[in-house]
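Letters A, B and C mark the chains as written, and numbering starts fresh at 1 in each.
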C-alpha cells in the first residue's frame, strides 16, 4: 500500500510544483543574476561585477541595524499576535449571543488595505492633532511623540501591525480550536478542570501543529513587512525605524541601483533561511 | 459554591474581554469614519461638527476629479477569485500529499516552499516584469494572476498541511481497509473533515491577493488596475487626499466581508470527526 | 478509482476554461475599439504601427503617460480627448505613480521602443529625459505659434525650465513653488498688531492688496513666529505654533534645499564635489548658519512643533487648518482650494489665508529657490508624432486650460494648470504665488547640473535633516556627515 500511495502522492504534488518552478524559481534565479551585476537605470549600466554588491553590503552599517530591527520587529509582533489572537479565539469559542457578529468585527482590521490603515494610524499618532495624544492630554498625561521619537517610532508601527494582523492569527487558531473533539473538552470539564487548566493542558497541546504553523507563517510574513513602516515613518526619524524592506527600497529607488538592492534582498533571504532553518527543523519537521 | 464563583469569574472575564477587544478593534474604525465624514477636513475631531458625504459620493459615483471605485473593485474581485481558486486547487492536494507522505524528500519539498516564500519582493520585480513583457501579459488579468498564484501556493500548502497533520490518519486507514481508493478518501473523507481549514485558507489567499500592491502597481496600466493602486493613487507625492483614501478603503472591504460571511459557515466546523466513525 | 480521477481532471479543466474565458471576456469588455488598437501597438513594438493611414480614416492612437490620481491630468486629458475627437486622435493613458512612471519611461526611452508618445515629467525627471525627446520649436512654428510670444506668456522662471539649449522641450501644465500661509485673522487684528509693536518695536508685516505678506529678513520671520507661539489653554502644552514646516523625508528636504538655494549654495559644484564637503570648507560656515537658524526655530525658540520631523506637507496644512499653526509652509498649489472652503475657514474667523514666499531668505537678489514643474514632452521614438503634436498644442491652448480649471473644480489639491497672473486675479491661487514663482528657478532642484547621483545625495540629507531638527545632531555634525557622504558618493561614481 505504501508504494501505491506514493504514486498518487506525486500526482497531487506535481501541478503545484510545476507552477512554482516556472513562476517562482525562474525569477528568483534571475534575481540572483541581477544581484551580481551593477544594473542601474540612471547610469545605464548593466555589466557583471561579481560579488562587489555583496562586499559592499557587508560593510554597510545601516544595513546591519535594519536587520536587527527587523528581527526585533518580527519577534515582538508575532508574539503579541499569538497572545492576543489566542485570547480572541478562546473568547469566540465560548457561546454567547452575537458571537457571529463579534467574529465579523474582529477581522475588520485585517481587511483594511495596508496603505490606508497606515495612513489612518499615522494621523492617529500625530503629535499635535492626533487623537491618541488628544486622549492623553484629556487624561492629564502629556503628549507623546509616537512617530517622531527615535526610540518610539518602531514601537508605534509595531502596535499598528499588531492591530492590523492579529485577526489573521485569530482565524487560524479559531479554526484549529474548532477542530477539536468536543468530547475531550467535556470530559476534562467533568473531571473538574478549570478554565486555564483546560487551555494549558488540552487545547494548546492538541492544536499545537496548527499553532506552530500559524506562528512560523506569520513570522515569515512579518519579516517582509513594508507598507506600515514606509507610510508611517518612511524609515525615520533619521533612519531609526528602517527595517530591511524600507532600507532596500530606498537603495533601489533613490539611486535606482537595482543590482545592489537585489543583492541586499538575497542576503536578507539568506539570513531568514538560516535563522528559521534550525527553528523550523526542530519545531515542525517530523523525523523522516 | 466554588463552581458558581468560578463560573461568575469566567463570565466577567469573558465580558471584559469582549469589551476590550471591541474597543481595541473598533476605535480606529470610528476615527476613520469621522475623518471621512468631517466637513471641516479635520483629523482630530472626536465627533464631527458638520458632516459631508461628498467624499463617499465621489468614491461611489465618481466626480470630475475622482474616479469611482467600481471598475477597480470588479477587477480586484475577478483577479483574486480566480487566483484563489487556482491556488486552492493546486495547493490543497499538494499539501495533503506532503502531509501523508512521510519521507525525507517530502520534508525537503515542504522546506523549499517555505524558503521560496521568503524571497523579498524587490528581488523578483524585474525578472517578473520582463517575463510578463515577453509573454505580452502586462496589464492583463492573466498576468496578475500568474504572479499571485505562485506567490500564494506556498501559503496554501503550509496552512493546509497544518490542518491535515492534525487530522488523525485512522479514518483514511479504515477507508483503505474498506477498499476505498486514494482519491476517494481524499474527497469523501479528508476534505469534508477539513472544510474549516480550506475555508480559512481560501479566505486568506483571497485577502492576500486583494491587498497586494507592489505588483499590481507595476504591472497594470489601464485595463487591469485593481483596488490597491487605486487607493494608493489618492496619495500623490505632494499631497494626500486622505478622506477619499479612507472612504475608498472602507468601501473596498465589502467583497472581503461577503467572502468571509460565506466562508464563515465552514470555518465553524467540518463534519465532526466522531460522525465519520461508523 | 478511475471515475473519481476523471471527475478531478474534468473539474480542473472546466475551471481553467472558465477562468480563461472570464479573463478574455473581461479584457474585451474593458476595452473599446480604440484600446484594442492600443493592444496591437503595445504588442508589436518593432513593427510599424498601422495607425498612420493617409486614406479616409486618418485616426491615430497615442500613448500618453499620466500620474495616477492626479487631478490635473484627470481633468486635462479628457478635455483634450474631447477636443481631438474630430481630428481622429485617440488618447490612451498610461497611469502610474511617480516611481513607476520614472522607471517605465526611462526604460522605454533607453530602449527606444517608442512605447510612449507624450511623456510626462517633473522637474527632477526632466533633465534625465530630455535626451529621449525631440525639440518642439519647429512644430510650434509650423502650427503658427510665435515662439517669443509663447515665452512671454509664462513667467521667465517657467520658461527657463522648459527650454534646454535654447530649444523648447516641454509644455508646462503645472508649476508649484513653496509658499507659506498665514492666519489673516491674527495678522490683521489690531490688538495683535499693537502687542507685536510693543514687544518687538516694529510693525507686524501686513498683507498687500492681493493678500501677500513679505518679511524683511530672517530675524523678522523668527520674531513673528515666536510672537504667535502660544499656550492658549494654559495646560503647559503649546496650542498654537508660530510656524509649521514639514520635516520628514522628501518634504523636509525640499524645504531645506529651497532655502539652501537661496543662500547661493547647492548640492554640487561644477566638477561634482559636494559644495559643503571636504572640497569646499569655505562654504561650510554659510551652510552651518542656515542649519542653525532652522534648528533654533524648533529647539531654541520652540516656535515650531517637534512633530515637524514626522510631518509631510498634508499634515502641516492640517495643523494650519485646525488652528494649531499661525504660519505654515507648503506648496502654493496644493491647499489653496482646501483652505478657502467656508467650513474650513470657520476655524479662523472666515478669513482667507494670507500668503508669503521665502524670498526674504535670498542672500543675493539673483539667488533663486526651486520650483516643481510638470510638463509633457514629445518622445523622440514616437511613431505618431503628428498626433502627439496635436495633443501638445491642445495642452498649450489657453482657453482649454482655463476651461479645465472650472470643469475639474480647480483649485483643489495639486490642481493648477494655468501658470500666469490670471490665477491670482481669479482667486485661484494665493497672492504670494507671484512672489514665489518669480523668485524660483534652477532647472535641477538642487544643482545647476543634472547629476544622476542627485537623488542619492538627497537621500543622504533626509535622515540627517530629521536628526538635526529633532536636536540629535548639531549643524556642524550635519555638515560634516552629509558633506563627506555626498563627496564619497560622487567619488565612487567616478566623477573625480
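Throughout what follows, contacts are C-beta pairs under 8 Å (C-beta built on N, C-alpha and C of every residue); 3 or more make two chains touch, one makes a residue touch a chain.
Predicted, not measured: the structure shown is a model, and the values here were computed from it.
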By number of C-beta pairs in contact, which two chains lead?
-> A-B
Taking mean CA positions as centres, which chain lies farthest from subunit B?
-> C
What is the distance in Å between the mean C-alpha positions of subunit A and subunit B?
-> 14
When the centre of a chain is set as the mean of its C-alpha atoms, what distance in Å lies between subunit B and subunit C?
-> 36
Residues of subunit A that touch two or more other chains sit at 123, 126, 129
What are the residue numbers in subunit B that touch two or more other chains?
-> 42-44, 182-183, 232, 235, 240, 242
Indicate the residues of subunit C shared as contacts by at least two other chains.
-> 250, 318, 322
Interface with subunit C, subunit A side, in the complex: residues 41-44, 123, 125-129, 137, 142-143, 145, 147-148, 150, 233-239, 250, 253-256
Residues of subunit C defined as touching subunit B within the complex | 1, 4-5, 8, 12, 15-16, 19-20, 22-23, 26-27, 30-31, 35, 42-43, 67-71, 74-75, 92-98, 100, 176, 250, 312-314, 318, 321-322, 331, 333-335, 338, 341, 343-344, 346-347, 372, 407-409, 412-415
Give every residue of subunit B touching subunit A within the complex, in rising order.
-> 6, 10, 13-14, 17-18, 21-22, 24-26, 28-29, 31-32, 35, 42-44, 46, 90-91, 93-94, 96-98, 100-104, 106-107, 109-111, 113-124, 126-128, 130-131, 146-147, 149-151, 153-155, 157-159, 161-163, 165-167, 176, 182-183, 196-197, 199-200, 203-204, 207, 211, 213, 227-228, 231-232, 235, 240, 242, 245-246, 248-250, 252-253, 256-257, 260-261, 264, 267-270, 272-274
Touching residues (chain side subunit B, partner subunit C) in the complex | 39-44, 50, 52, 63-67, 71, 74-75, 78, 82, 85-86, 89, 136, 138, 140-142, 145, 181-184, 187, 217-218, 221-225, 229-230, 232-242
For subunit C, which residues are in contact with subunit A within the complex?
-> 99, 103, 106-107, 110, 128, 235-237, 241, 248-250, 305-311, 315, 318-319, 322, 324, 452-453, 455-456, 458-459, 462-464, 466-467, 470, 472, 493
